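Labels A, B, C and D are assigned to the chains in the order they are written; within every chain, residues are numbered from 1.
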Amino acid sequence: MKAQYWISSLVVILIVFISLSSCKSGGGDKIKVGEFASLTGKEATFGTSAHEGTLLAIEQVNLSGGVLGKQLELLTEDDQTKAGEPANAVNKLISKDGVIAILGEVASSRSLEAAPICQQSQIPMISPASTNPTVTQEGNYIFRVCFNDDFQGGALANFASGTLKAKKVAILTDVKSDYSKGLAKSFKAKYSNNGGNIGTELDFNGGDKDFKGQLTAIKSDNPDAIFLPGYYNDVALICIQAKQLGMNIPIFGGDGWESESLLTIGKDAMEGHYFSTHCSIEQPTPEMTAFVAAYQKRFEGKTPDAMAVLGYDSAMVLVDAIKRAKTTESVALRDAIAATKNFAGASGNINLNADRDAVKALVFIQIKNEKFTYNTTVNP
Amino acid sequence: MNFRGAKRWLLLGIALAILASYFSPQFNRYYLGVVIDVGIAIILATSLNLINGHTGQFSLGHAGFMAIGGYFSAWISLSVGESIQAFWYFPLSLCAGGVLAAAVGWLVGVPSLRLRGDYLAIVTLGFGEIIRVIAQNTEAVGAASGLKGIPKLTTLGWAFGFAVITVYAIATLVNSTYGRAFIAVHDDEIAAASHGVNTTRTKVVAFVTGAFFAGIAGGLYAHHKQFLSPTGFDWVKSIDIVVMVILGGMGRTGGVIAAAILLTLMPEFLREFSEYRMIIYSLLIILLMLLRPEGLFSFKTQRRSKS
Amino acid sequence: MSLPLLDLKNVTIKFGGLTAVSDLSISIGEGELVGLIGPNGAGKTTAFNMITGVYQPTSGEISFAGKNTLGVKPNQLAGLGIARTFQNIRLFRSMSVLDNVRVAARLHNHEGFFSSLWRGKRWRSAEVETEKNVMELLDIFNLGDQRDELATSMPYGDQRRLEIVRALATRPKILLLDEPAAGMNPSEKEDLMRLIRFVKERYQLSVLLVEHDMKVVMGICERIAVLEYGIKIAEGNPKEIQSHPKVIEAYLGAAAI
Amino acid sequence: MDWFLQQAINGLGLGAIYALIALGYTMVYGVLRFINFAHSDVLMLGAFTALYVAPQIEKVAGAESPVGCVMVFVVAAAVCACIGMLIERLAYRPLRNRPKLAVLITAIGVSLLIEYTAQNEKVFGSAPQPFPKLLSDYEINLGNLVVSSNDILTVGVTIVLLVAMWWIVQKTRVGTAMRAVSYNQQAAALMGVPVDKIISFTFGLGSALAAIAGVLYAMKAPGIEPLMGVQPGLRAFVAAVLGGIGNLPGAVLGGFLLGLLETFAGGIPGLSNYRDAIAFGILILILLLKPAGLLGRSTIEKV
């Protein structure tokens, strides 16, 4: 019996040897682009949106004849919103499928898991919407087509003390989310600097459905506004319950709010609240109009959100860089991406700075009559 | 009687692991990554098998101990600087993680192992979750953002070396006069106690040993993925390990190893089916359990006395 | 008479409102073979469970070899020399015959966690020694040939015998047998009686026997105590017990008098 | 003081939901002695059933009418009762006499299957969907306190259902049979109790409770998605164990206790971030002091 245990492990090791040695190399008549996204699991909506944007971009490029005379092939892996999965997905895309670049993820924590792999394999990675500042610090192959939370947090703080004229702001963060915590941190730094007063600071767990405990405590502290860096599904419920508790102060947050669901779930409870985001689909630029039209045509009338726009832009920035580099060789491609200047993306003009972050304008949106209405633009 | 046999296999296994490690730079990174995942899964499943299978104490908190080992050894790696280059550094830091996990395992085990069955299951699940929440709130290990920039120290050799050691340790332990107590506690606690087995201590030893190896697995995981996020250690992760143990047949080392391999590879094989893969995965679990309720790899064999 | 080996003084146990054993005093000397009889539910097994530390008496005192055993854990009592069998056989169901006995023999194998992992020379010789002792015991009771069989797959009578062997492997001073004759036919009972006598002589043990079967009890016990509703109603040698009016009443009902 | 009372009201509203889910866990556990991991997914299915039937019922009964609301509850409960019985029939019954752990793994498998199937874009999709208003809700202001009509409804329904369940288990023939099956399946079968039917009935009842809890939960937090059951399911499971699993009033007590604790913890800075751990911390503490839960009876093992 015991011999069997050991023989079986021996067999395993042998199989490992055999399977590992047979390694497939890329090439062929298509340019393979890898994408990893959370298509299932808790944050599947973000992943799905970004994926649809990316897919649309790749299809458009292919329809117009591809790049460098070749068609693009998008290989998508689902990471199930689960820690540990992105590493396998990205490893597979790079080592097994031989992709030339990686697009993804929306959530910073999963981008952070994939980034070292891309960096070590020298495969450029472009994140559509990971705003945590540390993501692109992983190395010179990691890029993003959105602003980071230091910028967003600062803008939100100025908004609170400027537009809202709030003297005291309560903060409610999602303890499970690095995004929420990170954004709250940069907000706090700037807001205190502006002379603002931080009121009650409380946490919730993303996915909770009852927030009255926190809201009641905030209510008794009497702040002028509530800063709520979180994701739309929690945000909508929090706003509903705040309304139920008779709280009439403005609530504001970051780009995690942006989703149609915020309105369909939150309904009238969202009235008057604000959030900052990457772009507004009402932006009157030709790129945005064209994108929205194409997206609605491709996905049966679905209204795109910021994640879809950024997913689209991430793919387009990559395609642009391939065109400029005239090759898919990794070093040249990396340099070309890094040199992206004044790229007219759907979300706005994209300039990548030395930290490989996009320097972009941020827009504030207010919810009025159950609609996202453009409020102001903050330029970097 | 040939007691030397087991140790010889251990040495052979370690030799193979070293050999594999020598060739690993030439391997495809993806396959290599998956195979290291398999090695880690084997450690987790066999160590949980000691608690759940051999000793019969249903624990649902294994991911918590994995988290402790992972975070601690990663934290050491990020603090010591230069010396991580030394060959001896890595096994030492893994063991440090394992020892801390074992210590916590002791703290958890002593009071809670008085409970039985479902109560024990929920309490261990609770401890696992508490560990996760603490990690989520501890700035020193990155809190919610997770711990990043962990050096890549886990190689095929280390993963399989430790897998071999874990399997050896647990297999030899339960096949010794000392370790037969684990199985006695599993079979009949009162009969065991009446024949001189200190049941409480036996359970705690099983729990602590399991936690130790889970801690090692956590360290390997940390230096393999290079990034730790608290959400990766929630109770769903514990359930994954439990599924391996039960599917392999509780208390059957060979079966549990096979199940660990199978369940780690299955989602990879199913990648082709993208959005349907987890549906197929869960269907397979149900079907396997319905068709082979005693465990996938259990045949009508009995536990023979080894000598 | 020298100091008794096992001494119960005014032992009472209550479960909730129910008094299972009340004010029981009984003592067993070295080398004695004592029977404990009584109708179903009289508290015999409960008395056993108190002696072996599974239950704690509500009041009263139990001492073994001059040592108070209240609050001592079952496994420690096994170490002190109290061994038992169970009314409804409790063998280790996933273990072989040999392993079942080897669990009990752990008490005399002092190898610990790390030496069992390292499997050094000392460990090996201890392991050889344990197995030798266990095999000797099994051979004496004609179970040696079945050493690798799953214990619970053996015939009923063999399982009963294996329980006794397992108890003996702890090298007890006193052996507590809980209805060993249950479910046996007359010739098996004869064998069992011989076996008990043999065990007692060979290993110099005291034996406390709980039994239903009068023939067995009367046949081998030197002294018998009778329990009814948790109360000891009689104690004496087999002859005295057979003619004790209270015993007759308990067993045959009041009408028989 | 206002703050304290307001939190108590919030806590009761949340606790009632936990209590209702825990009631379902405990019912199934009481009869089968196993944890039905798929319970929280049945809850989700209940909410989705309501989502799909509500517009239909609205056409008949009118918008936000009490009659329509009751009809939605009944339909959701009935559909989920069928689903529950189906799950039991297909996945659990074949394993009835097998090791309990095999059933546990199957239950986990069923739970994963439902979750992943529901997340598929062709089924419900993973995006949260707005849940329609079944009843017009309003807030009652008592001085500085705010009580939501939804919370009152939830607490009321929970108490009524607890009494109903207690009555079924203690006072009816079916209940007697359930208790018999719980006590000893073989013996019950020998006494002529139709064990399969009773277990099926229990599953149906438990699943109906889950569905009702799901609809109430959806009314409280009107964004429903396939994983909505996971978190309250886990909390309710803790609540059931806290109260002594298998014990009906215990489950309700545990649920309310947990709801109150979480609400109070949520409002305290420095503690709100440990909210996930608090439920478990209390559970561990209580189990160490009372190993069978608050109202559970500890059993003496027969030797």
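Just so it is clear, contacts are C-beta pairs under 8 Å (C-beta built on N, C-alpha and C of every residue); 3 or more make two chains touch, one makes a residue touch a chain.
Being a predicted model, the structure only gives us computed values, none of them experimental.
Chemist: What are the chains that chain C and chain D both touch?
Modeler: B
Chemist: Please indicate which chain is farthest from chain C, where distance is taken between mean Cα coordinates of the chains.
Modeler: A
Chemist: Determine the chain that sits nearest the middle of the structure, using the mean of its CA atoms as its centre.
Modeler: When every chain is reduced to its C-alpha mean, the one closest to the whole-protein mean is B.
Chemist: For chain B and chain D, let me know how many angstrom lie between their CA-based centres, rounded off.
Modeler: Roughly 33 Å, centre to centre.
Chemist: Between chain B and chain C, what distance separates the C-alpha centroids? Give it in angstrom.
Modeler: 41
Chemist: Hey, how far is the Cα centre of chain A from the one of chain D, in Å?
Modeler: 35
Chemist: Would you mind listing the residues of chain D that make contact with two or more other chains?
Modeler: 116, 121, 273, 276, 303
Chemist: Quick check: what residues of chain C touch more than one other chain, meaning two or more?
Modeler: Residue numbers touching two or more other chains: 54, 86.
Chemist: Provide the list of chain A residues touching at least two other chains, using ranges where the numbers run on.
Modeler: Each of 40, 175 in chain A touches at least two other chains.
Chemist: Can you check the complex and tell me which residues of chain B touch chain C?
Modeler: Against chain C, the touching part of chain B is residues 1, 3-4, 6-7, 169, 172-173, 176-181, 183-184, 186-188, 190-199, 205, 209, 251, 302-305, 307.
Chemist: Applying the document's contact rule, which stretches of chain A touch chain B when the two form their complex?
Modeler: 1-6, 8-10, 12-13, 16-17, 19-21, 23-24, 39-40, 76-78, 80, 82-84, 87-88, 91-92, 94-96, 108-109, 112-113, 116-117, 120-121, 132, 134, 138, 175-178, 180-182
Chemist: Quick check: in the complex, which residue numbers of chain B touch chain A?
Modeler: 5-6, 9, 12-13, 16-17, 20, 23-24, 26-35, 37-38, 136-137, 143-146, 148-149, 152, 156, 160, 163-164, 167, 171, 175, 221, 224-233, 253-254, 257-258, 261, 268, 271, 274-275, 277-278, 301, 304, 306
Chemist: Provide the residue numbers of chain A that touch chain D in the complex, in ascending order.
Modeler: 40-42, 44-45, 48, 175, 200-205, 207-214, 216-217, 220, 233, 236-237, 240, 244-246, 259, 261, 264-265, 267
Chemist: Mind listing the chain D positions that touch chain B in their complex?
Modeler: 29, 35, 91, 94-95, 98-99, 101-102, 104-106, 108-110, 112-113, 116-117, 120-121, 234, 237-238, 241, 245, 273-274, 276-277, 279-281, 283-284, 287-288, 291-293, 301, 303
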